[in-house]
Amino acid sequence: MTIRAAIFGGSGYGGSELLRILLFHPDVEIAFVTANEHAGKRVGEVHRNLLGLTDASFVPAPEDLGSTDVDVAFFALPHGQAMDLIPKLRPGVKAIDLSGDFRIDDPESFEKHYKLSHSATDLQKEFVYGLTETNRDAIREATYIANPGCFATATLLALAPMVKSGLLTGKIIVDAKTGSSGSGAKPASNTHHPQRSNSFYAYKPFTHQHVPEIAQHLGKVVVFENELIFMTHSLPVSRGIFASCYLETNLNLANEDLKHIYSNFYSDAFFVRLVDGSPDINWVKNTNFCDIGTFSNGKQIVVFSALDNLVKGAAGQAVQNMNLMFGLDEKTGLIFAGGNP
Amino acid sequence: MTIRAAIFGGSGYGGSELLRILLFHPDVEIAFVTANEHAGKRVGEVHRNLLGLTDASFVPAPEDLGSTDVDVAFFALPHGQAMDLIPKLRPGVKAIDLSGDFRIDDPESFEKHYKLSHSATDLQKEFVYGLTETNRDAIREATYIANPGCFATATLLALAPMVKSGLLTGKIIVDAKTGSSGSGAKPASNTHHPQRSNSFYAYKPFTHQHVPEIAQHLGKVVVFENELIFMTHSLPVSRGIFASCYLETNLNLANEDLKHIYSNFYSDAFFVRLVDGSPDINWVKNTNFCDIGTFSNGKQIVVFSALDNLVKGAAGQAVQNMNLMFGLDEKTGLIFAGGNP
Amino acid sequence: MTIRAAIFGGSGYGGSELLRILLFHPDVEIAFVTANEHAGKRVGEVHRNLLGLTDASFVPAPEDLGSTDVDVAFFALPHGQAMDLIPKLRPGVKAIDLSGDFRIDDPESFEKHYKLSHSATDLQKEFVYGLTETNRDAIREATYIANPGCFATATLLALAPMVKSGLLTGKIIVDAKTGSSGSGAKPASNTHHPQRSNSFYAYKPFTHQHVPEIAQHLGKVVVFENELIFMTHSLPVSRGIFASCYLETNLNLANEDLKHIYSNFYSDAFFVRLVDGSPDINWVKNTNFCDIGTFSNGKQIVVFSALDNLVKGAAGQAVQNMNLMFGLDEKTGLIFAGGNP
Amino acid sequence: MTIRAAIFGGSGYGGSELLRILLFHPDVEIAFVTANEHAGKRVGEVHRNLLGLTDASFVPAPEDLGSTDVDVAFFALPHGQAMDLIPKLRPGVKAIDLSGDFRIDDPESFEKHYKLSHSATDLQKEFVYGLTETNRDAIREATYIANPGCFATATLLALAPMVKSGLLTGKIIVDAKTGSSGSGAKPASNTHHPQRSNSFYAYKPFTHQHVPEIAQHLGKVVVFENELIFMTHSLPVSRGIFASCYLETNLNLANEDLKHIYSNFYSDAFFVRLVDGSPDINWVKNTNFCDIGTFSNGKQIVVFSALDNLVKGAAGQAVQNMNLMFGLDEKTGLIFAGGNP
């Protein structure tokens, strides 16, 4: 079987990484990749890392989506565009949306956090949240996938085992940090190299749009009523998310017990690596791995997670989900290591 | 008045920054600067940023400290050396220790965290903790100063106003991050450029030696019985400490109320700048400023602080303390801006 | 004497550094600083490194320049604006232009390289080129200064002694590298952090606008007829220029002879430091120093120079020139070290 | 066919990259990988990027090399060790040496540049220089390969077409820059993060050990008698080599003519990509590509090349050579893209 895939929005970092992965996927053929601004240009001219690896050119978004002959469409567009396009797809075409359009069930919460009114609320219930490791069965059956945000992936993978364990008490604090590519490919003041290269700062305190996404999906792992405090910071690196999660239990949990909880939960999760010390974004960059380290001190627990925001936090997880949706091994096309260093 | 100052340990980053500040201090003359390894070399040969700015050469540590003719001695040596040297100083010579030797009252706690037995426990009670902004009166009268650690400075300045307010309830979580210069001038695997330049990771979970220092000195601001969780992380920048402090109160505190608490507490603190958004290590690098930003969300509070680990976190605060000890304006020689960018 | 200074264009990096230096200059009072976009905002709100150090606010550019009561005006505006404003200044007001408007004598060459037609060609002859170390006497007498470009400063200081020696033969090749702040404070694709942070590349081969500036001013040091090849590259650092200059002589010149030529030429140049090994931008960042290292190998010579593009390459040299124009020691307000590290 | 490969020296960066590539090579089985210091440790414990991707552990170097049952042995050891080991291999075992031991024909030149006396000079003539793109036929027949240095690869690939064209006149100047991983995995003062992260400097002027390697192998492309000046600089990035090569011809060569020379020379070279503008290390990092850009200006020419020092400059080219030695397509196992960004 060859899966014919379309990529909507191929000029941003998410689209670029989808191309990098799908070009080498043994079961995928890229039908077309859109980029209105760069339509007509060769892919390798825009993403010069791909020069020599593909002859494809960007095309404008097709006017008649209903007649598009593909098996799956990836949407790596700015928030607010996929919800207009996905309803127009030919029935039977699967869709994986890397934007935030279908991650939040509650339309009011969506509007508040994304400053957009939702144009396809009726479609929301058909979307499955694509956090692969906690949601495989539903993903296998899904037609539409809401691919998780990068912060949400790092946070949910760190928290899910403890939330499910039922041992948590009190509030959860997540101190999360992201690399600059998380802000996208368009230059802006917060990604201006002279400012960013020696900086570290927090942003959007108490208001980040991933908060409702995280809370909602923790609530699907198990009943979740703890208070969640989620704080985002900017790192002076290009790639990487690192989350430090502070938890509290009502009993003294030895380090071994804690590790046991995590290794049980992730026993069949190839892309979650449980590490002995702290994870490091250096070791997961350019890969689909999420590394997790856990430490306890009496009733206090800290869980660290690290991933590449563009791979496990976006394009890699999207392909992992596609693999499941088409009956493939979820690892297909995704087993590659980052470099050392 | 000209203060004759000696620097013990001039070849590390702390000593280098002391030199950079004291060379331009209007009331200080550097009597000598020691560096056993580099004895005989010109200062500008080792610290090439100082080339052309001083003709001084490093000397070996004097054998007879008791006859040293200086008014003040700075100790920027590895942990464990100042406690042997300070007792030998001529009576009347003031000493400012940038190491951890005299920061912790409790000898057992010291031994546990520094893996050293203390050789001058009887001198401990004569040391005043040099967190200038909370301790000015005692510093003015002090002969001996234990200069705070860089993490401790960032954390204590962020927490002190709220701890003193008496409004805190529950545990305090401090997620702290440091630049690579905090590990000193000697190459090591954790500061190897290929590994460090695109990395972010946590270290010493639940065991960092600044924990007892912070707890003890919070306890001196006011009775402090809250639980403190302090977690250290490594940033891929050369300079800077950033602390994200998560607090909880028993009442809803508006942002304005919170800002009021901080502006009252720091009304006479030139080097603490209260900022509207998040602080950023980019804006405090190379300066003696500590920038603090505060945010509330009902009963949840986050306080961010940023400083330069080598200046406000080490040499700058040491000179600030020296100024007070000699009756000078605490700002003398310390009013300089970092660059933008 | 207090010099009343105006800064036109205070929101960019050049203006920011002028502010940082002039705020602490013992003989200068800043009369006003313009920034149309930020008019009304506090300086410390825009340049947060200056927070707490000045109460000044940005003002719009005054409509009637002729009645402006200042002694000197600095122009840190985009290329093409100073040439419209300087003719309107009240007679007797000195002007120092940090843009390229008056650096090139030949209007055709100016138009070719700056893509602008010149509106004040008649004023060109009244401008003195502000490369302090080679031009002091003329600068002292000048009313108008064309402050050199950052690349031109690094290159000319590296080449001038050898050009003047008359020993050069054959072409000169300059391989120059710049930090990202050289592109200014406005975000652009070449300074987008994700792209820039791990990059190195060349730009504008054979066409950089500093070529005619360098050639013209080398020609003023002495008759200069050698071919000059000047190539610019982008470094993934915020600050710094490094120039590697390849020269050839018609005799075997020992390293000592070479050093002698440079130390003679720069015997009274405080801000040029001749170093034994290679200079390093790390050691000159945030300072007004230009470090130069020289090496010979028979008839082949390489000269390396390093400086901070925003200080010696812009604002610092501008103040150095102002000092001379007002009869002050050229070092006034400019003696400060960068940090180690 | 499965090629059984041994790696001697698996703990450094060269060995690490060999592992990363060979683990996924469809025709290779890793027989063993040595690392005396880490013997017994799991590969993924030392190279944490490989965690979860292999169960292999490091072994000590076998005492009896003659009985080692492998088809090919890679040597990624410090200079001076392979020349002792390779003579002990069982006859018929192919060897690829990533060190400098067999790159230079002349023993005196070797001793001068590597400060080592050569213990296997008689074996020198059996080594083929592994610059794949210029030497394929000999590599196919070779038993022993001297894998080129990273600087030499970048320089030779940039120069070979013009040297072969016979159009060069006068000296060649190569201004080369390298990332910090080129100094190896062992911490040292020149790779100490606080110093390196904002630095740029030159090193070893006129004395780098790659000079004789480059000169010798240019001389094998064609008779080469031009003077070669080669200068090395340190970049504040982890990975990447960038070479700026200044050439001169005796006729006016249009840009098109120049591009024609290069595209002809590299018509069958998949891993050499000729780019329109400047290459950028950002686009080749983590890949086996060498990107080359060419520009002419009358008789002056500049050629820029960029590659990843650990891949095309070391492990990648070694595998490319192994492929040829075993009759495989040279691209096997090496077609992967780096990320954008």
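Each chain gets a letter, A, B, C and D, in the order it is written, and its residues are counted from 1.
Simple rule for what comes next: a residue touches a chain if its C-beta (ideal position, glycine included) is under 8 Å from a C-beta of that chain, and two chains touch if they have at least 3 such contacts.
This structure is a prediction, so every number in the text was calculated from the model and none was measured.
Between A-B and B-C, more C-beta contact pairs join the chains of A-B. Farthest from chain C, judged by the mean position of CA atoms in each chain, is A.
Per-chain Cα centroids separate chain A from chain B by 39 Å. Averaged C-alpha coordinates put the centre of chain B at 36 Å from the centre of chain C.
Annotation for chain A: residues 13, 181, 194, 197-198, 236-239, 280, 341 touch two or more other chains. Chain B meets chain C in the complex at residues 13, 16-17, 20, 23-24, 47-53, 181, 198, 238-239, 270, 273, 275, 280, 283, 286-287, 289, 291, 310, 335-341. Those residues of chain C whose C-beta lies close enough to touch chain A in the complex are 13, 179-181, 185-189, 191-194, 196-198, 236-239.
Of all the residues in chain C, the ones that touch chain D in their complex are 171, 173, 175, 177, 194-195, 197-203, 205-206, 227, 229, 231, 233, 235-240, 242, 244, 246, 248, 277-282, 285, 293, 295, 297, 300, 302, 304, 306, 341.
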